[in-house]
């Protein structure tokens, strides 16, 4: 129940896009067609679902103050917290790289739809943001929570980009003032969309 | 390193430090080639940290610092990085500088550091930094790279501060925490929308509208 | 008429190509076509006759469908006003107060909105569209009677510029414009449009002892805390200040409750719905979808064991409290922002109904769920259409391979 | 065995001025014209005669430069009096001053058994040389059929649901033999069936009900169920790559006459209709005839629009114009070039026909009223507002609004996916009528088709 609650919260209420603006660059750039938006969304769901729990493990067993105690008493006073950024981003980059290679080798079909997006994802801030937010949670997450959080944050991100792509496909036919075309109107659109998503703000389940 | 220094020296001879071309490296990103409003990079933080001027200023400063030095470093190393692993190397270099900024802020400006929360860390994945490294520093000499970093950092900061200006002024009737409207004797009712994410998006949209109306930039449809 | 026509004809050349007022052609066109249906005839080839209906007439139909809500709303503004003061008043007195409060809002809404429309029409050289005729009436109907007029003006300007003109004008907007105005106020100046602001009380100290301006939604939401039965709360409401029975089911249905000017009366909304559906202007699928979705969701919540008091409220109450009926009839059916496929309209309507009830019950921050639910579904409407259209394409493709 | 299809969507426009069941046989019209513009998909029409030439019925007048074997021939004998050209010398019309007595070019004459024994190549040869071929219309695109193609089916719509459409019982009475011969020829041209589509509620003319060797499909419903495109959609829809031909019964009969009598016989019955006509009735005339004589002393007023064809798909030809090649109807309406004070809100009661029931439009209360309608557009062009009416008058599994928008956005893949191959102008003509935003829907459809053909 608690996990379902967390999942729903992360999809709708703490939406990566509309609440935190994470991953905006690819959100804006790759939302012209529903099909591609969906592909990118799936890639984000996958990578977030893998890297958040992975980074949770690293935080728990390597980075936290005293986390290295499992190596022996000598290590219990070490605090590697300042390495957080570099470790997290390396993990993400590595996972993305490995996934890309694995998909390319084992499932060319999937690679066709997902593969092209993977390199983009290493620098998608929603991935690193997901990991950093996960660490900042109070009370701290356990592994299951971290996994659910990663997956559902990804789903929330996907929902947002697919919805935006739907609207943008519809807007192909509209007559937007020339200076606003492209990026400008998309910003305004995202603003209005996030008003809609505000309805979830304050939801208590 | 000496070789590189040589190169820098040579270049100095070849053209003045602030030649027209080099000045362009700084001025273009301010308007016609602005990283946020034209190149669509680094938007996440532009929206998230701009409810007030103070954090926006710190954020702009941090990013400026990171872009300048990352650009410089990558440019210095550009001939020694194997292209296969260049993304990792770039990320590592950027992370180093970000960690440095993060620790500095934590030590000297704790309140702001708290306010900025994960967004300092997210400079690592800020596309401006990565984008400039890929697009410029990898193929240019250190001095222009530094200038390019400076220009883009400033261009980013400009938009950030502009957004924060409107959001704080319209949202709270204040600037840098100073109650402007009260000071001149006007009772101002803060506009809550401006403080919400939606307000930030819409303000960026309007800034783009105005900017492109003025400079004539149009996106291909 | 003759004179008017002649003077228009005389002035016309100034506005046509090469005329000295050429820039203002579309402003002139708007005025001219407002006064006279144009004398244009059909083309050389193709349909030689056209349907007598045009966009203006369509829009007028919607406005006329809103008139019952408007008139009742005016009366209700006065009714609530005197109820709060504990005074007896005649029908005329109540209506007069309502008129005084409502007309300025309507004037501001139309003035600001049409003003912006004309400016954009001239600048961007497109015809002034009739869409604002409806929006301009919708905005006042979803405002509290006592809203500061400058806020109406700001919200209208925001909605028309950002919500509509930025997207290219009528027919191009993504979210409903009137709702954009309301959402703007809701998030920009929450204190003026939520809480107990619904009744016009010039002097807050003059209210009758024990008075509460809580709306039925607020009463129901507070029952979550107090764990009291919502229906009995409703029935007791107003007893302390001599207004017993104002939240009985029948008066909720009639609409003698505080709320936005035009949205309190489910009955009047249903009359409007009848007009829209009979004339074919509003989609009955959407209206039925919203009501059905809300009712079924209410029933589902009833079934959850151990649910809170609001969840236990009989499902049919959801249909008469707050602005559900008004939203379903006049907002959700906006043809521009709703789904554009007939199948999609079912999904769209039902999801609005379901979401409305969910937001009401689970989101104490925004008791009025319908507005945000419609706004949210506006955002998802193109996606629903996308799937419906994809299904259509797929049928065609499958047929080809068989 | 044919199919039975019932459709509820659609709308019948009832107009005043229905043709009475009498046939007038006036003398030969003064002039007869053949207009390349009546045929879609011509690349470049090249005149084969010049002014002053004498022609017989069946003498070639022009052909298309890309398809020179398909000849467009004179409906009557006489003298070529005008070769009318437009911009860039585009051929618009070739006018023939008709003889009182028609002389025919002689084509090969066949007995019924000859026809049965004939092969497709031979049939095509005779059809193309005589000019009768041009009756065959190819779907997708509604263009002149390509003789090199073999269609998967040929469809004949044997009823017309357009406003004031002529009664096929009068038009094709007693033509059984010619029609049957025509069918036999057509059967050689297709790899599939020849479909004859009739309306369930109408009295089915014996010409069709007695036809042998065809699929007789029955339809029920209102306009545009009579449009052959709609019928094809329900019987055997056109997919990408498919080719289907359509032909109207008059064309089939002409084929029959060509083979049985050895002549190109262009005589036909047409209905002269419309509220401005004093004596609406049927006239016996020829393809492309001048309408001048039919309208002399036959109009209520001078300020009229003369339409070759029906009010939904027809063309304004003026009072001295000539009938279109495919038209079997002439409609005369009052012109509507007048302003109406507050016309957009003034209650129209039941004076104007409307599919909508928006405020002040009460005609849905008098369903049997016959309207006198003028050509006013009743409003000005506006942005598309999707009100769902297009779908209500399009009895096909097609989303007209989306299709139109994809054409406006010039998105070819999208047009294909949304079914542009299945429609031509007439199938969506009702959308143009009901559109509140007053778009020229048929023009847009043709633009889309041209875009696809060019790509």
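Just so it is clear, A, B, C and D label the chains in written order, and each chain counts residues from 1 on its own.
The rule is simple: a residue touches a chain if its C-beta (ideal position, glycine included) is under 8 Å from a C-beta of that chain, and two chains touch if they have at least 3 such contacts.
Small disclaimer: the values here were computed from a predicted structure and weren't measured.
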Any chain that touches subunit D and subunit B: A, C
Maximum centroid distance from subunit B, chain identifier (CA atoms): D
Most central chain, judged by mean C-alpha position against the global CA mean: C
Selected interface, A-D versus C-D, where C-beta contact pairs are more numerous: C-D
Intercentroid distance (Cα basis), subunit D paired with subunit C, Å: 46
Distance between the centres, which are taken as Cα means, of subunit D and subunit A, whole angstrom: 59
Intercentroid distance (Cα basis), subunit C paired with subunit B, Å: 43
Separation of subunit A from subunit C, taking each centre as the mean of its C-alpha atoms, in whole Å: 36
Shared-contact residues (touching 2 or more other chains) in subunit A: 173, 175, 177, 180, 184-185, 188, 191-192, 195, 198
Shared-contact residues (touching 2 or more other chains) in subunit D: 383-384
Subunit B, residues touching no fewer than two other chains: 196, 198, 202, 205-206, 209
Touching pairs among all chains present in the structure: A-B, A-C, A-D, B-C, C-D
Contact set on subunit B toward subunit C in their complex: 189, 191-194, 196, 198, 202, 205-206, 209
Subunit B contact footprint on subunit A (complex, rising order): 18-25, 28-29, 82-86, 89-90, 93, 122-125, 127-129, 132-133, 136, 177-188, 190-192, 194-195, 198
For the subunit A and subunit C complex, residues of the former touching the latter: 34, 162-163, 165-167, 169-171, 173-177, 180, 184-185, 188-189, 191-193, 195-205
Parts of subunit D lying in touch with subunit C, wherever the complex brings them together: 13, 237, 239-241, 305, 307, 311-316, 331, 333, 335-345, 348, 352-361, 373-389, 391, 397-399, 401-402, 417-419, 425, 429, 432-438, 440-443
Subunit A-facing residues of subunit D, complex: 383-384, 405, 408-409, 411
